[in-house]
Every structure is written in structure tokens, then in C-alpha cells.
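To keep things clear, I will list the structure first and then write my remarks on it.
Note that the chains are named A, B, C and D in the order they appear, and that numbering of residues resets to 1 at the start of each chain.
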Amino acid sequence: MTIKEIQEQIITEFGNFDDWMDRYNHLIDMGKSCPLIDEKYKTKSFLISGCQSRVWLHASMSDGEIIFTADSDAVITKGIVNLLIRVFSKQPADDIIAADIAFIDEIGLNEHLSPTRSNGLMSMIKQMKLYALAFKTKAANQ
Amino acid sequence: MTIKEIQEQIITEFGNFDDWMDRYNHLIDMGKSCPLIDEKYKTKSFLISGCQSRVWLHASMSDGEIIFTADSDAVITKGIVNLLIRVFSKQPADDIIAADIAFIDEIGLNEHLSPTRSNGLMSMIKQMKLYALAFKTKAANQ
Amino acid sequence: MSFDIQKIRSDFPILNRKVYGKPLVYFDNAATTQKPRAVIDRITDYYTNENCNIHRGVHHLSQAATTAFEDTREQIARFINASKKEEIIITKGTTESINLIASSFGRDILQKGDEVLITAMEHHSNLVPWQMLCFEKEASLRVVPFNDKGEIEMSAYKDHINDKTRIIALAHVSNTLGTINPVKEMIQYAHGKNVPVLIDGAQALSHLKVDVSDLDCDFYCFSGHKAYGPMGVGVLYAKEKHLEAMPPYQTGGEMVESVSFFETTFNVLPFKFEAGTPNVEAVLGMGAAIKYLEETGMESIEDYEDDLLAYGTQKLKKIEGVQLYGTACKKTGVLSFLIDNIHPYDAGTIIDKFSIAVRTGHHCAQPVMDRFGIPGTIRASFAMYNTKEEIDQLVEAIHQVKKMFG
Amino acid sequence: MSFDIQKIRSDFPILNRKVYGKPLVYFDNAATTQKPRAVIDRITDYYTNENCNIHRGVHHLSQAATTAFEDTREQIARFINASKKEEIIITKGTTESINLIASSFGRDILQKGDEVLITAMEHHSNLVPWQMLCFEKEASLRVVPFNDKGEIEMSAYKDHINDKTRIIALAHVSNTLGTINPVKEMIQYAHGKNVPVLIDGAQALSHLKVDVSDLDCDFYCFSGHKAYGPMGVGVLYAKEKHLEAMPPYQTGGEMVESVSFFETTFNVLPFKFEAGTPNVEAVLGMGAAIKYLEETGMESIEDYEDDLLAYGTQKLKKIEGVQLYGTACKKTGVLSFLIDNIHPYDAGTIIDKFSIAVRTGHHCAQPVMDRFGIPGTIRASFAMYNTKEEIDQLVEAIHQVKKMFG
């Protein structure tokens, strides 16, 4: 599926919920699923620091697609991290660089992406795009 | 005349004026009258510094009464200085220390005595009372 | 009782507002308090009728604004029982007041090898300026620990004072734990050793009667915005002898007496420490806030808030899995807690959805978190307009949080 | 013309007030400007509906206030054409902005024997901080003189720059003389010699379109209250490279990233330079003021004020015995003058009685007075809401002054 298709899938998925509590319960469920990142990457060099919750992000390249894994110490943040991985991982670099993440707004979680929220999510998205750019540049130079 | 009587006299004098302009014209007239202080005292040590207009004050003791002379570089300030000299000069130290200067308020010039006015007048009154106190202490010690 | 909570609530316009369709419950008072109408109106009036730059103007507006400003300085001096208004320096807040002292006083008295003493419960604003100063001067920062309840023990305090101690800086009330420190005793002991004491009163002023003469502190700092006043204004109270001896901090504007390119002489106190156009608006607003506090009565406020704290503490203790941080015998209305192993960010996000404003995180007191080995807490801090019903709503929300993350 | 003076006057509530029974004529705008209703309302709204401490709060009020605050930072950046919002540091005013640079940047770059260059028309706030710094560092303060018209001549300026010059600090517009300095050229020349330049824009922002990218200045400072905004807020624009390299100024609160008793790491820009709770109210108020300026149009304002200045200059020149100080070719609406040999305090007292607010004295620029050998001046300074009729009233009052002291 393309980034766009996955986003639409998620929007449909969240469309089933009537109120914020169901939405958050779903998010929490996703947040509780087992860690998405190899424990050995949960170190300072992979840490994206928000002052309240922390996010670890790892990226690798395989067959022209970028594989992201990530985790967070707060469950809600982790739920959103999970969604972002679903959208961005295993996609070509160019698509990641070009993508917008409007779905977060549409499913009513935009507040968590506010640059003032300091939960590390905004920086995580920035970082994902930077990785994509870096892998692309590297590939082009080879 | 006592300090109180002179104050009453001044109040009557100013009572003749209907509006601020007449009052100020009278004050300016008083301000324009020849300098009240010996030029040799117009030096830094006799200066009471307000940041906008400056006041020089000199005090001496003669026959149990304190003689004040003073001057200012602004005419309105000088007019008020003149009034204060009229009230306080040639009076016994105790009377000066005890006196209040309500007349300034009653003739509508109170604004010039505001501690925030920085024309040196407030400090002048304080300084006059300090001189009175100093002369009194000196006399008592003799 | 003279304390009419309904009347008080009606004095605070923001309490009428809704968040997510329900009435706002505001429990973030240690961060900043809401403002009574009297304060808002004072500001509006000022800009509508009186606005002017003060000092040195001879025209009517400037005279009137200067008088109002200086009268408020006197009002502040009376409120905290300073001996004269020249000891009240207007700053932009507690942080600036402390920086001023660290920079002007601290730089003057501190030498290589000397010590500065703080406590382990200080807000970053009463920690980092001293740390930087010690770094600059090659002095050491010493820290009095607190016990499990969040109390400084006098014996520990005394042990940390020695003949190298040059200044002690400590919170009157901890913003994270609510602890009211025995500052009077602590100051007395320090003075016995000839050490001056700065009190960070940011969290005290709206909750307790503060009397700087009785405390005999050398410096006392607070912010208007944490005591029902406007943002952008704070106070540094300092004993006159210190202010006279200290060099100025910022320079320019009214704080100079005369200037040439070769030399500058500084203005008298308090102006020597007030560079630039002062925030007249906020000072007058703070005056209105102090009037409001006085009319309501500090004792009534203290009694009412004590009652809220007792109620809240008892309710929270009953919830299984809730862990309270800060259980000192003498406390203001601050409840710092965690729920089970739930991350404070998660809990705060859900509590917010119940229209309740609590703060989560380290509350600018990271060392307190390190002491307990936790990433942060959820903090509910009370003001005079809070109610037991609101606490019940918080309890309800906590149960929901437990359910959702259980 | 889009400039509707009646509409504009009706936007400023204070212009309805009377002084001594007659409508206020406010000519003390260089000291502080009056506030349009939009600014007053923004403040009232803030305290009535939005008040909260910002940054790091997860609850709704805090998020909304943080967003509003940061959006205003962006608005300010756009207004002065900074390249990014991280270059906009919120301070309490011009004086603090300059002190910050003198302390953090100046202390870093200045060595014994170096030189700091200012001009002879600087406000004390852009003089004393440099004087103190030079004193501390055993550096010298050098001063570019101005000519009889109150202009800095480029040749004199160039002559004062040499290979010891480490920083140049100069006013965009003189508060006493009204002179608009050719700062773009001056900066260009300084940069050719590798010298960074600070511009004191306190008197420029409300009168001219300011474009920091076009000027290419290293630092630009101004105050909200002199540009129709609230008191207690100012801006320091600085190039990112300088801000990155500079040590922090005040410490504590949000400006730290992490704190332990052993070390502290500082937050990213712009927060590194914003210690303590920021003045959210005043920042939002300044945002409303900037919006008002943009809607009115800086060019319309400039044209209108130029017209007032030309009218006032011509009228004052016609009065026998009136001496103008500051007659530069490029000027904002400032008329500094003396009447015969009448002391400015005397003249100001009488002019005030005609309900006209002018400022008298040295206007915190004593060296300018020394240059002309006078104790002070009477200064009428215009804002966009002033009118020719008001200037006529001033002329009338001057005639009365002459009569009374003649």
C-alpha cells in the first residue's frame, strides 16, 4: 500500500469511534503492543528528546525501502509512534520525503503533534524525513 | 509672625486669584525677584539636585532663629522656593521641625511638591528640617 | 465565616469558561494563578485612562501614573512588612530577582573555594543561577537533602553550613512537594553564622502571610502572576544595606543619575536597580491583586486551602495505586502523585479530556524527580477558588485513567 | 487615501479623556505610545479566557496559550523580516535587550584595549551598558559626534572605526533629535571591517518599516510599549550564529534542557535566552499592536507623520525665540526645542496646564544636552493619532508661555 492508502485506512479505522474515549482506548491498545524497536537501540544516540515523553527511532534501508522501528516510554505517544511507523515504514525514500501527515489531524490527534507539546513526536517526524533524505543521498552517491 | 500665620497670609493672598494662570503669574513674579542666595553659595555643596530643576539652599543661625536663603534655575521652582523661605526663615528650630506645609496644597501648587516631581522641592523641605534639627542639636550641646 | 467561595468564584471570569464543553477545573495554580476581575479591570482602566511613562515627566498623566506606581510600591512594602519602600525592587519575576542577586550580590561576595548552599527541592530558577555563579567563581554548590516526606531536617541543614558558606538560597514553599520550610528558624541559624539568606517566595505569597521583617531574611523574591496578579512583574525585597553595597545589575534609563561619556553616577534606591521603562501596567495590576488578597484575608485563604488539601490528600490516598510525593507536616495545597506505573504524560492527557488542568512532568525541579527516581509527577495545585467538588472530579478522572491503562 | 485619522483616533480610547477639563493632547509618544482598543481587548480576552503558563503543559489551556505565544513570535519575525522565529528573543524591553547583548556577547568578544563604538546621540540605555562593559574589560568607549543639525556624518563614522573596534551600537532613530541614521550604509561599512552592529530600534519601529534582513544588522532591539503594544515586553532580534555562540544571560525555568546538581544543559533557541515565566499577556498584546500597524500600513503612517512633522517644524520656526534642536534631513516626528531663555521645567509646567503632554528634560540622553550646552529641551513627539489641530494648540500654548515668562 502507498502512504496515502495507509493513511486512508487509518482514517476509516478511527472513523468507527464516536467519542474521544474510544479513540484513545484504541490508541492505548496500539501503544501497549510489544516494543517496536530492538532494545539495543534504546540508547541515547537513538533518543529523540521531548521533555515529557521520550521517543527512540531507528532506521535502516532494505531493497529500496526504509524500515523504521521506534518506541516511547509513554503509552499514548507509543500508540501514535505505532501509527507513524505503519504509515512510513517500508516505503521508498521519495514518498516519505514528499508525504504529509494529514491523517493525524483527521483522526483528532493533532494536539499531540503540536510543536509545543514536547513529547518528541514532532521531532520524530522531522527525523524520519531526514533519514529518508540521507538514505536517498547516499544511494544517489553510490 | 509664626509659621502658621505666614501660611494663612499666603493662602489669603492666593485666594484672590480665580484661575491657574493668575496664580502662576503671581508665582512667576515671585520667582523673578532678585536671587535669594549669595552667589558664592551656588555651588555643588549647597545644591539639592532634582533632575529637572535645581535648588540651592543655605542655612545659618542668628539669635535663636534660622535664616534660610535659596535659589533655583527654574522660575516656577524659584517662586515656590520664595514662598518656603517666607514661611520657614527667621523661625525657631522647634517650630520648623514641627511645621507642616499644608498651605502649598491649599493654594493649589501641591503637584510641585510631589516626591515624583524631581524638581528638588521635596528634598529642599526635608533639608530645611534637617538643618533645623542640626542647629537645635548643636545648640543643646553647647 | 467570611470566606464565601461562591462570591470568590464569581470574581474570576475565566472560571465561567468551558473546556471540551464542560466547565474548566483549574488545578495548575502553582504554574500561574487566574486573575480576579479587579486585576483585569485595573489593567483595562490603566490603558484606557492613565497610560504613560513614569518618572521625570511634568505633565499630568505622567505625574498621576508615577504617583500610582510609587504608591503601589509602598503597598507592596506594607503587604510583606518591609521597613521601607526603597527595599522593594520591581523586576519581571522571581527568576529575574534571583538572577539579580546571584549576579550583583553573589559575584561580589563569592571567592574561589567558597560555598553556596541550596536545598534539593529548589526550582531550577533558584538552582541554575547559583550553579553558574559557582562555576564562574570556582566555588562549590552544596545541597541539603530532604527526607522521604519531602522535609528538610534542621540537623541536615545545620550540618551543611560551615565557615565557607557565603550565601544560602532556599524556597519558602516547594513548587513540587508543597513543603513549607521552617525558614524563620533556618534564617536565624544562618545569621548566627553570619551567612545571608535569600528566600524564594514564588510559591508562598498567595498562600501564607509573608512578613519579611519577622523572617529577617536578607532577600525575598516572588512573582506577581503566581499571586493573582499580572504576568511580567515580580519583586525583589532586599535589606537596604545590601542594596546600597551592591553594584547595579542592568543599566540604562532611569537608573542613572547623571551620565557623561567618562562617568556615570547611579540613581538612589530603589531606582538604581530598575533599568528601562518599568512595567507600570503590571505593577498597578499587582497592587489590585494584593488589595484583593487583603480584602479576602490571608488567614481565611490559608484555612480554606488547608481544608482543601486535607480533603484532597485523604481522597487520593484512598485510591489504590496512587502514590503521593511530598507529605510534609506543613504543606500548601499541592498534590504531586503518580498512578500505578502510568506515565505522567499519559495520565495528564486523559485527565485533560475531563476538562481538568493539571501539570505533568518535572515541574522545573528535576533533582526532586531524581531523588525519587521517577520521570515526573502529576501535580494538582490549589488556589482559593478551588472546591471539594472539583477534587471529586479529579478523583473520578483518576479512576478513568486507571481503567484505560489498567 | 486609506489613512482615516478620525477612525484611527476613535481606536484609541484614552484620546477621549480630558485633562483639566479639556481633551488630552498627547505629545509624549517617544516616551510611550497610547494603545489601540485592539491591544487592550487582547489583554482582557487573554485574562478572561486563556490565561495559563506556557510550554510543557499538556492540558488544553496551556497548549492553546503556547500556540498563541509561539505564533506571535512568528508574527514578529515576519513583521521585521527575520529569517526565522528562533532569532526572536522575548525580553522586557529595549534596555534589557541591549544589556543582554552587552553581557553575553560583549563580555565574550571584548578584551583589554579593544574599542566599542557608539554615537553621541544614544539613549542612556545604549550607552551605560557599553560604558560599564568597557570599564570591566579595560576597553575604551569611542563616540561618533553629530553635526549641528543632529546628523552623523559618514566620514566621521568611518574615521572612528579601526582594527580595535569590536562592536558598534547605534540608534536607528534618536529619541531626542528625531534623526534617522543611515544604518544600512553604516552596517555595510562596519561589516566590511568585520565589526558586528547592534541597532537600538526603540524609536524606529512605530514610524518606519523595519527590515532586519535588508539592514543585515547583527542585533536589533525594540520595546513593545513604544509601538502601541503593552508595557513589559521587548524584542531582541539576533542572527542565529551569534545566539548559538553566546552563553545564556539569565538562567532558570524553561531555558534549561536538563538539570542536575553537577551540570546543566541549555534549551535550544530561542528558549535558551528566555529564563522564567514569559510575559504571555504582553506578547499577545504586542501581536495585536503589530496587526494594527500592518492593517493601518507602515507607509501610510510614515507619510502621515512626515506631514505632521513638516507642519510642526514650519509652525515652530515661525515663533520668535523658539530654537529647534535636531533638524536632520531625515527625521521622524520629534520636535525638541527651547523657548527664549525659559527653563524647560517652567515651560513644561505651563504647557501641561493647556492639557498638552510634552516631555521636558534631558530625555535620558544627557550627552546630547551637553553637546548643545543646554540643561534640557521641551520635546513634542508625534504618533499616528496626532493632528495638525493639536499642533496648533501647542503653538498657542508656546505663545502663552512666552507671554508669562517674557
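The working rule: a residue touches a chain if its C-beta (ideal position, glycine included) is under 8 Å from a C-beta of that chain, and two chains touch if they have at least 3 such contacts.
Note that the coordinates shown come from a computational prediction; the quantities given were computed from them, not determined experimentally.
Counting C-beta pairs in contact across A-D and across B-D gives the higher total for B-D. Chain geometry summary: the mean Cα position of chain A and that of chain D are 46 Å apart. For this pair, chain A with chain C, the centres built from the Cα atoms lie 39 Å apart. Rounded to whole angstrom, the centroid-to-centroid distance between chain A and chain B, based on C-alpha atoms, equals 79 Å. Counting partner chains per residue, chain A has residues 51-52, 119 touching two or more of them. Of all residues in chain C, those touching 2 or more other chains are 56, 58, 345, 349, 360-361, listed in ascending order. Contact topology of the protein chains: irregular, matching none of line, ring, star or complete. Applying the touch definition to all chain combinations yields A-C, A-D, B-C, B-D, C-D. Every residue of chain B that touches chain C in the complex is listed here, in rising order: 49, 51-52, 111, 114-119. Residues 13-14, 17, 19-20, 24, 26, 28, 31-32, 34-35, 39-40, 43-44, 47-53, 56-62, 92-96, 98-99, 123-129, 131-132, 141, 143, 223, 225, 230-233, 250-254, 256, 258-261, 264, 275-282, 345, 348-349, 351-352, 355-361, 364, 366-367, 370 of chain D touch chain C in their complex. Residue ranges on chain A touching chain C, taken from their complex, read 20-21, 24-25, 28, 51-53, 73-77, 112, 119.
Every residue of chain C that touches chain A in the complex is listed here, in rising order: 342-346, 349-350, 353, 360-362, 375-376, 404-405. Every residue of chain C that touches chain B in the complex is listed here, in rising order: 54-56, 58, 63, 66-67, 70, 257.
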